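One structure below.
First chain written, first letter: the chains are A, B, C, D, E and F, and each begins at residue 1.
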Amino acid sequence: MPLSEKAKEFREARERLNEIVLKESSLTIKRFFNLDTQAYSDGALPVKSKELLGLVASLVLRCDDCIMYHLLRCHEEGVTDQEFEETMSIGLIVGGSITIPHIRRAFKEWVDLRDA
Amino acid sequence: MPLSEKAKEFREARERLNEIVLKESSLTIKRFFNLDTQAYSDGALPVKSKELLGLVASLVLRCDDCIMYHLLRCHEEGVTDQEFEETMSIGLIVGGSITIPHIRRAFKEWVDLRDA
Amino acid sequence: MPLSEKAKEFREARERLNEIVLKESSLTIKRFFNLDTQAYSDGALPVKSKELLGLVASLVLRCDDCIMYHLLRCHEEGVTDQEFEETMSIGLIVGGSITIPHIRRAFKEWVDLRDA
Amino acid sequence: MPLSEKAKEFREARERLNEIVLKESSLTIKRFFNLDTQAYSDGALPVKSKELLGLVASLVLRCDDCIMYHLLRCHEEGVTDQEFEETMSIGLIVGGSITIPHIRRAFKEWVDLRDA
Amino acid sequence: MPLSEKAKEFREARERLNEIVLKESSLTIKRFFNLDTQAYSDGALPVKSKELLGLVASLVLRCDDCIMYHLLRCHEEGVTDQEFEETMSIGLIVGGSITIPHIRRAFKEWVDLRDA
Amino acid sequence: MPLSEKAKEFREARERLNEIVLKESSLTIKRFFNLDTQAYSDGALPVKSKELLGLVASLVLRCDDCIMYHLLRCHEEGVTDQEFEETMSIGLIVGGSITIPHIRRAFKEWVDLRDA
């Protein structure tokens, strides 16, 4: 699946820094990273639904890197434009106008992924 | 659908206070309340999925009243124990141990609803 | 100026606990408490405007005790119903639906103060 | 009213991204954007007071883009240096030292606007 | 070590609810609870220092239950009045006046533990 | 003590902006800056312990500039790799995966300081 330039750079930087963290870190951090992966694996809720949960949580907590990560995963899992938009809407209503700068960047990236 | 005692009191207090807010408030607040309702209506994502999004957003933002509201709506929409648990897991991983007091109260209420 | 029962209890508990904090605390905390008072004193902006700033900041950070404190001060400074409502509206738009439980309690207290 | 270079770029980027959001979004997001505008319109509180409320709320929630937006609007509405400084002071006291990086950037921009 | 009444009730309620959570939850939540315990175990930093880290983190995130938990652990680990006060001071400076209601309740509980 | 390039630029920018803030600001902000310094001075807890408290508070509140500042101070105070890692672990557990992007940048900077 083709990625936008920004998405490619994001993924590479993330990999590079994760290597440093895991090299320097103890069991607690390593195990947390494993749990983090497990939490989004297929279960009673399918992976796609879980990525949408991760996306809305990242939006209301206003973390651009986390939004970018889950937005890419949503794109890979086949989330449609309308599903993406409805998830953004709920995040906006719950989190208020303070989320708008993040929503702007998320829609820009979503459109870039679609066009890539 | 039978409610726990706590859930009944929660809903009554919520109604009573909403009446005060709407009586005292201008168009901006009234319109926001309408938007809030619209955001969770059936769309590309079904109501159930949207209530799970509202639940996880409320959990990571750590608002007991908001968690209680979406938890009751999830229960009404037929969310299963396992779906509830997986949503709580994602909220815990994203939001960390600071969410645990809310997770404790949420599971307690979920069990009480199931047993009601 | 007459107070509601809840407002009286709030003020008494606040005084009682502040005494404990100041008795147990060092210069840093004592000086912070002084700065906190100074920040709301009459200046280029009148006291009333500053209390509205304190109110909206408390609302978007979702602290009931802080909302209660500034709401009482706004009432003492002659803030009108409409000014109160417009400040709540801005807090709601900025902070989103997660502020609604606090807005409900704030309007309830505002009405009780007006009727006291 | 002359703008600093940073302010011009900020406004252009904001416009460009808002267009994408509104093109891609449904009624809920569009209506929220309208409500957001309405909340700051002239009422019992004048526009200037409302922009100061928006500024302090953005500061304590620590959103640079939101601070930049309201800071520009405050500048346009004739907020004085002293009024700006007192609003920053209240935000600092309420929100603590974690707001200082945002306060630094806000004062820098305020001075640049004054000198533009 | 004698506990205040409030501390006893807190611990009992915590135990009771933890049982429900662990009974209802999957591996992800159970493993997170284990990691949470591990993170505060003796290491390069002694347990006491780690509990002070947990306390200040809970204070700036403004979670009363988390503050209560770490405050009790600090008391058990022999944290002195002055060490407690200095940790509260740092939390107050970092987190601002919005932490004061939590600081009030924390000092009240600290004094009650000392007197128990 | 040698600094990384990023650390040097960070310190210079911080100094330059602090000068602007202090030139433009009144007593409240100036006094807050003094209190901020005092809170981390040697007391019942040594400076090193206080910088670790500042670091974990900055991490859970997710402020990169504040993390960078305390990370540099920790390095100057002789915090070891393992002490740094255990503090990051506690921040990760308390604050959840939303802190991970900050943890990545913090470990990167820590390694760069060590290698400088």
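Following the convention adopted for this analysis, a residue touches a chain if its C-beta (ideal position, glycine included) is under 8 Å from a C-beta of that chain, and two chains touch if they have at least 3 such contacts.
What you see is a predicted model, and the numbers here were worked out from it, not measured in a lab.
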{"item": "Chain labels contacting subunit D and also subunit F", "value": "A, B, C, E"}
{"item": "Far-end chain from subunit E, centres as C-alpha averages", "value": "D"}
{"item": "Which of B-F and C-E has more C-beta contact pairs", "value": "C-E"}
{"item": "Per Cα centroids, the chain farthest from subunit A", "value": "C"}
{"item": "Chain pair among E-F, B-E or A-E whose interface repeats that of D-F, sharing over half of the contact pairs by residue number", "value": "B-E"}
{"item": "Computed distance of Cα centres, subunit C from subunit A, in Å", "value": "37"}
{"item": "Centre-of-Cα separation between subunit F and subunit C, whole angstrom", "value": "31"}
{"item": "Cα-centroid distance, subunit C relative to subunit D, in whole angstrom", "value": "23"}
{"item": "Junction residues of subunit F, two or more chains touched", "value": "28, 32, 35-36, 39, 57-58, 60-61, 66, 82, 85-86, 89, 92-95, 97-98"}
{"item": "Parts of subunit A lying in touch with subunit B, wherever the complex brings them together", "value": "35-36, 39-40, 43-45, 49-50, 52-54, 56-61, 66, 80, 82-83, 85-87, 89-91, 93-95"}
{"item": "Subunit B contact footprint on subunit E (complex, rising order)", "value": "14, 17-18, 20-21, 24-26, 28-29, 32, 36, 57-58, 61, 63, 65-66"}
{"item": "Partner subunit C, residues of subunit F touching it in the complex", "value": "27-28, 31-32, 35, 38-39"}
{"item": "Parts of subunit C lying in touch with subunit B, wherever the complex brings them together", "value": "62, 81-82, 85-86, 88-89, 92-93, 97-98, 100-101, 103-105, 107-108, 110-111"}
{"item": "Subunit D contact footprint on subunit E (complex, rising order)", "value": "60, 92-99"}
